Structure formats: structure tokens, C-alpha cells
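Paired with chain B in one complex and with chain C in the other, chain A is shared by the two complexes that follow.
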Partner chain A sequence: MNKAYPVALAILVILLAAFPCIGPEVYYLSFMFSVFMYVILASSWNFIGGYGGYLSFGHAAFFGIGAFATAKLATMLQLPPMLTMLASIPAGGIAALVALIVGYPCLKIRGPYFSVVTLCFAFVVDLAVKNIEFLGGAEGLWLKFMDIPEKTSRTIMYEVMLLLMVVTLAVSWFLGRSRFGTGLTAIRSDEEVAETMAIPTAKLKIQAFVLSAFFPGVAGGLFAYYLGYIHADAVFSINISILIVLMAMFGGGGTWLGPIIGAVILTVVNEGLSTFAQAEIARIIYGALFIVVTIFMPNGIMDFFRKKGGKT
Partner chain B sequence: MDAVLIIQSLISGIMMGMVYALLGVGFSLTWGVMHVIHISHAAFGLIGAYLSYSLLQYCGVDPVVSAAVSVPLLFITACGLYQLLIRPITRAQNIVMASMILTFGLAIILENIMALIWKADPRVLTPTYSSGALIAGPFYFQYPHLVGFGLSVLGITAIYLFLKKTYTGMAVRAAWQQPEAAQLYGVNLYRISMITFALAVSTAGAGGISLALLNSFEPHSHNLWLIYLFLVVIVGGVGNVIGTALAGLIIGVITGLSMAFLPFQWVNLVTFGLLMIFLIFRPHGLIKQEGM
Partner chain C sequence: MLSVENITVCYGQMKALQGVSLEISQGDMVALIGANGSGKSTLMNVISGMIQAVSGEIIWEGRPLKGLSPDNICQAGIIQVPEGRKLFPGMTVEENIIMGAYHPNVRRQAPESLQKVFSTFPRLADRRRQFAGSLSGGEQQMVALGRALMAKPRLLMLDEPSLGLAPKAAAEIFMIIKELNKEGMTILLVSQEVLETLSITTYGYVLENGIMALKGPSRELRENPKVKTSYLGL
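The block that comes next holds the complex of A and B.
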């Protein structure tokens, strides 16, 4: 690996961290916040979906569990606003715990069946949260907000989300180079063969699944705090689950860079289209984008450029 | 609990289940034969529903008659779409994934075209007999529900007979069970894939019309329909027509019973919870399939 790479990345991160200093409008801070959030979601989905080849269609469930757990912890423990943000870390832990319980039986199922069972799981969690009064039921939950100017609070949220993104990406990067990641890739290629090569497939899968639930959980907690009010529809929507998968696969699953590219492109395109075009037309163009990309780059953007770059 | 009420909701659950089975048959076939998970399948059903809505509203054509128009129309459209979109992605490493992303995009496009043409408010099919009902003893069946149910039973039977009795149907089954062997025996896989895809889309249209006779619909309804499709197809076993019909019945019984005993908002929760448990214990469907 080229030595210039880490330096360039470090400079990029510092530039991103310094971005609020030049005094951009709150709109740009919020926009970057959502870009970071989707990068986190797509990259952590990639642990199990990209490296392991187990396409989870229920990852919004962990995002939502994190959001609701944070809100509930904050209201029950009467946390001051700043500590609420920290409460998103145990909330991520709760999401990981749920992943452990659900993942144990579900990860025995392979292929599209795994996708459907996780899809069902996301629905069950969504409907359960809507029906349980303790979790706000159909009304949702309110969170206390910092009583400082909007711009300052948005800047804090921006920096915290950036930090979480850097941590997620570091984990993703190391995973791609570790024995753990190699084991997962072997599972994706052929699980039976991997098992005969003494790779503990069941253990690796559950570890990857739990890890890939933790980061969305924390991100969900931050998102809940950012909105100040959460409702099941905002965080458990099936569209979020599908979007996460699409972002990762769009960029190219199984690489650490792919989900980042996918998440950035799709968030920017979606935002740009909804600003400049009529809602329906914007969605039609957005849909056409998926079709064009799959036809011309059926194995993701990363794969397409790697083939162009490498002279094989 | 009132026995009449239970039986009544059981029957309406079964009717609903059969309609989902008709919608699901094609989905199951494209998945089984072509390894294409067709996310926009339900959106095509919705197009069928909207076409029959417009034909009824502006020309006074009965939904059953308009099915005879929109089903062949969808068949031809689907042939074109196959050549244009589906065939190019058959060379992808992971065709399941590529097809899901592509058809997800197609579903977004279709949904928004429908929203542009027919606007986003919910619609209902109101044929001339919509207010009538068949009263048998203590039970009460609305005519549109009966027609929708009849249409779906007819549709599933037709697909079943096509696959069992006709030469093309047998070729489709051969391509599903042993693609290489089928090719050696002179089955043109591309042609069979195109026919399967077009057939699936046209049955989706018929299923959409049946469903529109039972429920109201709007441009984004296809998302919920799609989830029921997955339910029916997984329980029935991918590529299995009889299994799909059976799964429709079972899911109908479950939703019917939970409608009778549970508050409305818990019905879906129970259905999806049961499916999850089912999948964990029997991931390959109800019926053991030969030749897979």
C-alpha cells in the first residue's frame, strides 16, 4: 500500500473537521451530517453484507433500536442534553445485544432467505415499537435539546458524527485486512469449503453481525438526538434498510471504499434532485440511475473502475 | 367469541390469501427459473389495477373484461423490458443482487409515473355490482370480493396447467430444475427466460386487478404488496406453483384468525413474527421439492 494514502486520508479528515470553522450555513452542516450517517450505515452493513455475503435487509432495525434506546435512556435517567449523546453508546450496545439474539438463529439461513428473514425482523421490531406504549407507541418520543444557538449545536453534532464515521471506517479498513475479514470473505465465496478449512464460520458470522449492528445503533442514537423527536416511521422505515443495502452494493460490497462511494453519491444525488426537480420527476431520475448503473457496472462502481485501472 | 364472525373473517382471509398467491406465482417463477428477484413485480400489479380503474372510470369496462386487455398488454411490455433491462444483467457475478438493484430502480420509476398520471390519493374499483353481496345463511360476501377471488383461482389454475400441459411450460420447468441439461435438449434459455418474465408480469397484472377488487390502492401500495409476495413465495417454496397457492391459503387463515382475535394493529406483527419463526425452522418452504 502506498504511503501517501494514510497522509491524504488524514488531511481529508482534518479538512472535514475544520469545515464548520469557515462558517457555512446550517443547511450544509445538516447535509454533511446525513452524508456521514449514511456512510456509517452502509459501511457497517458491509461487515456482514459485503465481506460475509449475508445480505441483511433489516439493518434499519438496529438504527431504530439505537434511536429509541437513547431516547428512552435519556428520559428515564433524566440525562442532561450533553450526556444524552453519550447515551447513544450503550444504546449501540443494546442494538448489538439484539443482533446477538436474533443473529444466532437467523445466520443459519443462507442466501435470499436470510435477506427475507431480516426483512421480517425489521418489520416485527417496527410494528412492536409502534404498539408498545412504553416506547412512545404511535406518538413517538421527545428528547430535550441543548439550549445553545442552533448553529453551535449543529456543529457539535457534525463533529460527533464525523468522529463516529472515522471510527467505523477504521474498523472497516482493518477488517478488510485482518484474518477475521479474510475468514468472512471465505464464507462469502463458499461456506462449506470455508468450514472444511477450519474457519469457525458460525462464530465469525455472529461476530460480524453484532459488530455491524453496533455502529448503526450508535448512529441511530445520535440521529434521535439530532432530530429531537423520534417516531418509529422516521427510523424503522423499510426504505432505510433497502437504501443501506443499495448504497453498499452500488459502490461495490466487500471493499471498504465501495460503501463510502455509494453512500456519498446516492445521498448527494438524492438531495440535489429533490432541490432542483419536481418530486416525482426527481424520483424517476433517481430510479433510472439504479438501472443505468446495474446495466453498465453490474458488479458495482468499485469493480468497474478497478477493471479500467488494472490492465488485466 | 362469535363463531359466525370467526368463520366470516377466516373466509375473507382465505380470499385475500388466494389473491396474494396469484400475485406471488409470477414472482416465484422469475426467482426460481431466472434467479431474478423482481422487486418491481408488485408495481406491475399496481399498473394492472390502475389500468382497469381508468378503463372502468372512463369507458365503463368491467374489471374482469379489462383484465383481458391489460394482461396481454403487460405481456408485450414485459418482453420488451426483458430484452432491454433484464437480459444485459444476466452476465453479472451476482445476478440476484444485480437484479434486485435494477428492479428496485424500476419500481421507483413505475411508482412515480403512476403518481404523475393518477395522483397520490387512494382509489377503489367500483364496478356496477360493487354494492351487492351474496348472503348465505349468516355469512355475507361482497360481490367484488368474490369476483377478485374467482379471478385469482382462475389465474393460478391457468398457470398451473400451462406449466404441466404445454410444451413451453414443460421447457420452463426444465430450465428451472436443470438449466444445463435443458439447454442440451434444445431448450433456448433466453427465450424461456423472456416468456417466464413476461408471463410473471402479466399474472402480476391480473393479481393487481383482483387485489384492487378487495382493497383500495395508491401508487406506493406496491411496497406492502411486495412484502406479502415474499411471504407467500418463501412459505410456498421458490418456483413452486402449488406451494404458492397453498401458502396463500395458510397466510390467509393466519391473517383471518388474527383479524378475528386481535386488535387490527397487531395483525401484521403476528403475520411477520410467524413467518420469521417459519423461516428459521423451514427455510426452504413447506413442500420438499424434487429436482432442485
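The block that comes next holds the complex of A and C.
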């Protein structure tokens, strides 16, 4: 590994952290906020989906659980606005706990069946939240805003999400280089062979799944706080789950950089489309993109271009 | 070193092993032979913890293995090369071999172990970047052996290492196994090549329908009339 690499990354993080100092418009802060958020979602999905090869189509469920748990914790405990953000950490823990319970039976199922089961899980959670009065039901929940200018609050949110992204990416980095990551790669390559090699597959899968649920849980809490109002449609949408998978696969699952690149590119594309095109057209383009990526770049855009570069 | 005592294994209603016992001492190479379906793989899987026995005990270096997971048994030094080679086809030769050093107590020595494996199997060193799925059967078996050696076994269990190999490749594999044993490795060898197996091992066991039918020094088994007719086709 090149020594310049970590240094360049550190400089990039510092530059990103200093970005609000040059006084950008709030729009750009919000945009970057969602880029960071999607990087977190795609990279955490990658723990189980990329390294482990278990394609979850229910990742948004953990995001939503984190959002609702934060909103509920904040109102129940009467937290002052600033502390509400901290409540997203235990909310991430709640998401991880749900993953532990759900993952135990679900991770015994392999391949497309696992994807379908996680998809159903996301639907069930969505429906449950919409029908439980305690969680706001069909109306949703309100959170208290910070009593400060919008720009300051947006800057704070920006920095906090950046911090969470750095932590997520650090975990992803170490995971990729650890024994744990090696075991997950073995599971992705061939779970039966991994089993005959006495790799504790069941344990590794559940650990990866729980870890991958924690980060979207925290991000969901921050997002709820950022919106100030939370509704099931905003966080449990199946589109978010699909988008996460698309981002990670588009960049290249099972690598550290892949989901980052995928999340950045697709958030930019998404933003461009929603500014310049109608929502329906945006969806069609997204769907088409998903098909193109799966057919032509099964290992993601990075691998695609690396191979092209290698041939010439 | 290893003693299997009175093991019984059931698959549902069917008894695959019935009161089977077996002894291996340090530095030995022991043969396990028997017809198809007689329970040879089952016995190995019980020792490695992949299958739970209904009754009986397995003692490894003075301690019972009961309740240990395959993972723990692997770390205790019992390494199995399962039937049918079982590599990761999408990984390279080198990646496959390194995967053998997954367990924490051998992970640190992985680079040296890898060098040693490549010097044992020079053919693999030339193909280290090739995908395992594209290797010949004999080469795949070498990868499987190399991967097992990465885990620093104290007991190496080989399940039909010459399965599906041409005579020349099989002979090469047997040569290597013999060599490993000479260097001090304790080995339990299952093979259909009965004559070959009984000539390189010191002691042998014969399984018949889940029951240990015969045992004795390999040289004597080779002369046993029953073995001669049933397994040597003489």
C-alpha cells in the first residue's frame, strides 16, 4: 500500500471539513450532506452485501428504524435539540439489535431468497410503523429544531454527517483488511467451501449484518433531525433500499472504494435528474441504469474500467 | 494422540457409523479403507466437528473434543482436506492457499508458510495468479493440500486425495503425502487406491457398512484374504 494514499485521504477529509468556512450557499451544504449520507448507507451495506455477498434489499429499514428511534427517544426524554443528535447513537444500537434478531433466521437463507426476505422485512417494518400510533402512525413525528440560524444548523449537520462517514469508512477499511473481512470474502466466494474449512460462517454473517445495520441507524437519526419531521415514506421507501444496492454495485461491491464512488456519482446524477427532469423520467432512467450496470458491469464501474485499461 | 472411542453417527433414522473406534499416535500414517458409502467421510467429519456423534468420545491430546466447533478443532491442530478438493474457484491459487491461514494462531506465520508451500509444490508457484477453477485436477489437489498445510496441522486428514486423478498425478500426490509423513506429519488417509494406500501407511482400518470390520498393520491387511478379495480384486 502506497504511503501517499492515507495522507491524501486525510487531506481530503480536512478540506471537506473546512468547506463550510468558505461560506457556501446552504444548498451546497445540504447536497454534500446527502452525499455523505449515501456514502454511509452504501458502504455499510457493503459489509454484508459486498464483502459477504448477501445482497440485502432491506437496508433502508435500518435507516428508518434509526430515524424513528431517534425521534422517539428525543421526544420521550425531552432532550434539548443539540442532544437529539446524540440520541442517534443509541438509535443505531436499536437498529443493530433488530438486525441481530432478523438476521438470525434470514442469514440461513442464501442467494436470491435472502434478497427477497430482506425486501419483505423492509415492507413489514414500513407497514408496522405506519400503523403504530406510538410511532406517529400515518402522520409522522416532529422534532424540535435548534434555535439558531439555518446556516449554522446546516453547517453543524454537515460536520456531524462527515464525521459519521469517516468513521464508517474507517470501519470498512479495516474490515476489508482484517481476518473478519477475509472470512466474509470466503463466504462470498463459496460458503460451502468456507464451511469445510472450518470458517465460522454463521457467526461472521451475523456480525457483519449487525455492524452493517448500526451505521444506517445512526445516519437515519441524523437525517430525522435534519428534516425536523419524520414520516415512514421518507425513510422506509423501497426506493432507498434499491438505490443503496445500486450505488454499491455500480461502484463495485466487495471493495472499499466501490460504494464510495457509486454513492457519489449516483447522488450527483440523482440531484441533476431531480433538478432537470420530472420524477417519473428520473425513475425510468434509474431503472435503466440498474439493468445496464447488472449486465455490463457485474463487478462495478471500477473493475470495468480497470479491465478496459488493462486490455489496451 | 487421537483416539476415537465407540462413535455412533446417525443421519435421520440411518446409522452411518456404529460403535467405531480408531487410534492414531504421533508421527503415524494411518489408512482408512472401505467400500463406497461405508462411512469413511462420515468418520472424518465427526473428528473435524462437522457432524455431531450420537454417542462415543473423541480424545485429542488427552482432551475430549466434545462440544468444540469445527473452528475450534481446526485451531487445535486437526485439519481436514475434504473429499472433492473444494477450492474457491473464483480466487487465485495464492489466495486459496493463504485462506488456509485463516485461524489466528497461524495467521502471523502466513508469509513463511506460503513460501514453504510453494517450495513443496513448485508447480503452484508458477501458477500463483491463475484462478483455481482453471487448474487441472492434480494441481487443484495440490492447492487443497497446500491450503491445509498453511493451517500448521498436527493431524492431517486426507479424504480421497487421488479421487479422479490420472495414475501419474495420483502417484505424485502419494509421493508428496509420503514425504510429508517422513517429515513428521501425522496423517489419516482415506483412499480407494487400497494397494497404494496400504503400502505407504503403517496401520490400517477397514470400515464395512458403518462398522469397523478389520484393523491391523498395513502389511498384514495387504495379505488378509478378505481384503484381497473385496478391495484388491485379487
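By our rule, the second predicted complex is superposed on the first by the 286 of 312 C-alpha atoms of A that agree within 3 Å, B and C clash if a C-alpha of one lies under 4 Å from a C-alpha of the other, contacts with A are read in each partner's own complex, and residues count from 1 in each chain.
In this text, a residue touches a chain if its C-beta (ideal position, glycine included) is under 8 Å from a C-beta of that chain, and two chains touch if they have at least 3 such contacts.
What you see is a predicted model, and the numbers here were worked out from it, not measured in a lab.
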item	value
Chain B versus chain C as contact partner of A:Ser189, first or second or both or neither	second
Partner touching more residues of chain A, whether chain B or chain C	B
Which of chain B and chain C A:Val117 touches, first, second, both or neither	first
Chain B versus chain C as contact partner of A:Met249, first or second or both or neither	first
Which superposed partner A:Ile199 touches (first chain B, second chain C, both, neither)	second
Residue numbers on chain B that touch chain A, as the complex places them	31, 37, 85, 88-89, 91-94, 96-98, 101-102, 104-109, 111-113, 115-116, 223, 227, 230, 234, 238, 265-266, 268-269, 272-273, 275-276, 279-280, 283-284
Complex contact set, residues of chain A against chain C	179, 182-183, 186, 189-190, 192-193, 195-200
Chain B-facing residues of chain A, complex	55, 105-106, 108-113, 116-117, 119-121, 123-124, 127-128, 130-131, 238, 242, 246, 249-250, 280-281, 283-284, 286-291, 293-295, 298-299
Interface residues, chain C side, partner chain A - complex	48-50, 69-71, 73-74, 80, 82, 86-91, 99-100, 102-104, 107, 147
